[in-house]
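Labels run A, B, C, D, E, F, G and H following the written order; every chain starts at residue 1.
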């Protein structure tokens, strides 16, 4: 099924993607990356429709969308 | 009766005043002044109404209007 | 006496104000002091650091390129600043946020779980105070009392209970470094 | 041989082009020459003047402060430039437009009714040519032929009959100055 | 029989060094008369431009300052903010105000500086000898567009009043001309209003005056009058472009932090 | 399962050094995608501003030049006129384009230079640490108006699209935002159009993008999105301000001499 | 006054200017001087003054031109690129004889360069980056304390001679914090005498004109000659410098501003190793302490110029000593040397001095020695100058 | 080529630039250089080039910055105040290593000053009126013929070393007419090799970046040091000067540009009166002919600098001779001396030379003489340089 992969070295944990997702299936991880941010990740596995809206608003080209 | 006096040292002979006079009573003299211009002057003595329009457009404050 | 210090961490960890506090403390204790921040575009990306000098003599350059002491509050700072420490110098590491181990063997390393201690005292916001306490404890370049006095000078409008808490953080830090 | 000339008159009297013609003529006759105009805000008010140097040697300054010859085409110019003429120098006056008499006694004054002569030749527009002719006649620094040659160089697109008329004006001027 | 147009005390009693038929002289007189009639001459500071009117510092009979080309509005800002009791005006040409000085013009308007600007649009660079101005008309010849202004190479003329209109800080904008006695009289009204606005602390006022430059248009003074009405007015229509009753509209509120 | 949003080749494959939630990154990506999709990357020259986007010379995967603060349009003019085959764009912030660069902006538009301008309006000076911009809103706090922007002291915000509208040379003007995915998609359309116009030799095109600067607004990235919609949009309405079908209106003819 | 407070250089500069009577500031943001306009933006209004964030540096300097013409104490500040943009305006102020004060918190150049400290704007500051014959009174602080105390002196000299004045600082002096003591009572602008040239409400007096041009033949030169006479006076009376341990020095390091701090530490290291090394620091860059340096040249065996630029400052040193002593150069164009680096050069140079080989003719040295004004010797040699106190007469190595 | 034509200096400059391959001009009107843009406005389009009347000098120099980055031979020109406004842009060009050519037709300053000829912009031109460490290749013509022929040399040097280049003229050289001969075949820009740094259509090659900044610690200094190495090379290889009758001269007049013409006539008057007076004229102001002057200093009894400024040029002369000979100054700040006036000073100075009283130590002179590169002597002494022909190697006193 469709999914997104968040590149943890690019993601700055701004959370913009969470507002863009119609399915509200993006959540932020609790532990920060070596870059010092709390990166985004897919919440539940099966909720992503691959619409790509999250990647539209991501300022850091951190989201890869697979469909 | 009303009249205008043109200051020959100020007048630069631009003739703008001639266009402003409703009575068309301003003419240019034939001999140039020491400043090298052909100054304006009142044509016929009795035509000026003292309306002052000529002095409105004169760029060099050269016209005195008496009424 | 000369102490060149470099403090580094994320923006928001209060490394800038920590540096100012050190300088102010040194001043109150009659030392020559200087403070110098990394500024401008260097800020982008969210790491901040500053140099502090506390000395008995006039300070020449406020830019500390070979620090006697380095305080690293986060992981990226360790990589960047460990190499700069003067041989025989001191490295204070916030072990709460720094996982990797320092490599140098020619320097003294003091690991203090600043965030953890700060949390115990009240809030992780004052982890920087714990680090300063550790510095005072380990070097004696300034005293915990000095820094405490400096607090009320620098944060004029701070509530007493806040100063209270900061003071405690300082003491816990000093203790942890001994 | 050195001739420093100053030509002055109203804008429109062709003093600028007269100066260029002199320089061009001098060049054609193998002399060192320079031409320099009064420029910029000095123009306001409608008087124009320029300096010309014709010499056997390299020209140092093109600005002629103490002219050997001054050509005044109108009244105001007389007052301004008569005093500058070098003692023993030459003053050519366009007597058609200049009423007052020159004061200097230590210089040669040549009065030529340039406008009148020009009108006789064809048009007052070429009063400046009459003046140049007078200069050639009086000084020999350049020849009437030289100026005539220069005419066709400077006014490349001028009609023959026009050049014709100019040439005549030059000759009449030269004659008048002798 | 008595003199009905005594020479304004707003101008120093010296001959003006402008060309025959130049519009500057007319506008100078109007400004001078306004200083008289509003009784502000003794507390007015004028800013002279770089341009033919550079000599304005000599002509206007009040304290004057002459500064860098195009920066009149900035200079006026410095004066007005330092001595608010002074009445401050900046007198500028089109090259000065709309070319090199464009940023200063727009920002003084955006700041709604409480100053008065007299803008002489003669569609040419007068003092430097007839180069193209931002206001030079399509097809018009100038020494830097000798074959006539061509949009491809030289771009389009700028309408200053229309441009400033969108700025909340611009309080009063009017375009007039001095090519007829009637227009001269209208121009004086506009200039007087522009000064009155300053006295009323209304903010930025600018009067654009279409003015003759026969010398660099290559026309006679009389043809110059025609050039204004036939060539300039179609491109630069006369009229009031802005004159709100209330002080400049307060802009949208929005405070972060 | 395949990747449906391959990273654009219009951007160099390095991490962007902007703050979390900064709008610059979004617009960078959009410009990069347009260079790809229009197949112009290999003949494009971009002008990087002085501002946070100074690093754009490193990020955009085409020839780049970085020049003096605010002069992008002049630099772009020099490039485009020298190498007309190139596609030239200037990427600028609000301080860069609307404050120090105001004259260059207006005159490049008046000349109808055939260039594309990407204008990032974030109502603040980002790079230098949050000083007031010409676009800073009424009441908004900045480090040079710490008590909030006050018209008396600081003047009124400037609406750039509205300002440029009156210029005959301005061919295409649109204001968009990047605060929602939908607006991001609209912004890309506008940017693409702005480049297409250049390919079609239509002249001056400018896209103003309302963009987030959480760092200097003192907001979280999420609050930043709200600031754009709730504070900025009322003052800076989105929309197309100019897009004539014909080439820029030929101005009034008028030839002296 | 009294207690030392910890301040940032840029804020000390701004506060110092306000205490010196500045009531008008126009500027434009640029790193590393942003704290100056930021501080002014609230502090000036609170002091009854005006702060304007101009649309550009060009607009800023022209606002200053207008403000200064009203007699108010006006100030602008910027960093290198912004100062370049102000050059036309500065030239106009000089040409119109308008006193004002500005600061250049220098960063690395040319072009956008970087935002670190540098000294590459020396020539621009001391020789007029703008067009025409003019000078600016230039002070070079080397501590935050001097940043705080120099603006007052700048205003005093500027108004006394009707010239522009400036502080030439850099990113380090602007950004660092140090203890500061304001060495003077705040100036009340209301108490300053009105100028007989200032523009404003003229109840009946003759009109005044402020301008920088005169198109009448020969007139402009007369103006310039008059101004040059004032410049001469400044060169005689307003020189400031500091000489540390130059009395017995074989090698004299010459440096100003930040590099003089670094050089000072190098000097200490050298002295600790028993080398006879001194440090000469010009405090005013224009007027330049020519005499004092010429005097030293007659005694020292070598000069070593240390500057954070490619060799600008060194020209003034060489012009001053005019061959009397060899002048070496350690140039760091947009680089900040460490004390150790400077010391390495000092040591090498010092060793290189073969005791005997002293260039230049005895005759000249005699002349120079004879030419030395009394007192200057012990100033240059014994009494090390207390920094940042030019306001206090007698100190600050005044001439 | 061939026949001498009578041309105005400004037009000769413009025509010379076009023949040298200039195909992009952006400028803004200002007296006394208006004929340059006016000439370009029709001549450039007719030559397939671009002319733009910029909205300001600031815009003009930035258009040049963009144009030069594409490798085209670009030019701008202005006069003093306008050049001041270009300083930031010039500094950027230098920092981005962009070659281009500009001219300053100097007028009286400071400020609006006047529109007559002057030399008050010497420091601004030779020492960088802009911020940071950089140099501009500066040529100073003293005839309309040189106005016509120097632009080509400027482009060649500018491109060879990637530095800005300029012609420093004045109102006299710009406005006067003199016979001109173009000493070179017109350059066909199409035949010039493309630069490996120019921006443009990149079919597949790696992206190129033109910029003047590097914020990474220490990197900017490296760039500057690299650039300084090129400057050194220019100082070695690109010096031009003219020496007239200096071989036996006891008094050497040193002057450039217009003042060198006036000085030449003063020299003739002196020679006619049997005084041993020579004239040394730097043709390149940067690089400055230090060596040649130092050599002369070892022989002449005195130097007399004549400049139409308050004493700017004289600094370079003094730095060059470094005390080896006394250097007098005849300064006319924004004034144009007559040949007679200069002669009066020359005569007075010459009489003043007491045959024996020659300052500075023998030792130094020896050193200097030894230090003189072969050939330079007879260049400086015998072979008077043919003016305006630097393009022809071997001539123009090249080093």
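The rule we apply is simple: a contact is a pair of C-beta atoms (placed from the backbone, for glycine too) under 8 Å apart; a residue touches a chain by one contact, two chains touch by 3 or more.
Everything numeric in this text was worked out from a predicted model, so none of it was measured.
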item	value
Smallest count of steps, each to a touching chain, taking subunit A to subunit H	2
Chain pair that, of all pairs, has the most C-beta pairs in contact	G-H
Where subunit B and subunit C are represented by their mean Cα positions, the distance between them in whole Å	87
Whole-Å gap between the CA centroids of subunit A and subunit F	27
Between subunit C and subunit F, centroid-to-centroid distance (C-alpha), Å	42
Residues of subunit B touching at least two other chains	none
Residues within subunit F bordering two or more other chains	18-20, 54, 66, 68, 99-100, 102-103, 107, 111, 127, 129, 134, 154
Contacts with two or more other chains, residues of subunit H listed in rising order	31, 55-56, 58, 81, 88, 92, 96, 112, 115, 211-213, 215
Residue ranges of subunit C touching subunit G (in the complex, touch as defined)	20, 23-24, 27, 32-37, 39-41, 57-63, 65-66
Partner subunit F, residues of subunit A touching it in the complex	2-3, 9-10, 12-16, 19-20, 37, 50, 52-61, 63-67
Interface residues, subunit G side, partner subunit H - complex	58, 80-81, 83-85, 87-88, 91-96, 106, 108-116, 118, 120-121, 123-124, 127-134, 211-215, 217-221, 224-225, 228, 231, 309-310, 312, 315, 318-319, 322-324, 332-335, 359-361, 364
In the complex, subunit C residues that touch subunit A	10, 46-47, 74-76
Residue ranges of subunit F touching subunit H (in the complex, touch as defined)	12, 42-43, 45, 47-48, 54, 57-58, 61-68, 71, 74-79, 81-83, 85-86, 103-104, 107, 111
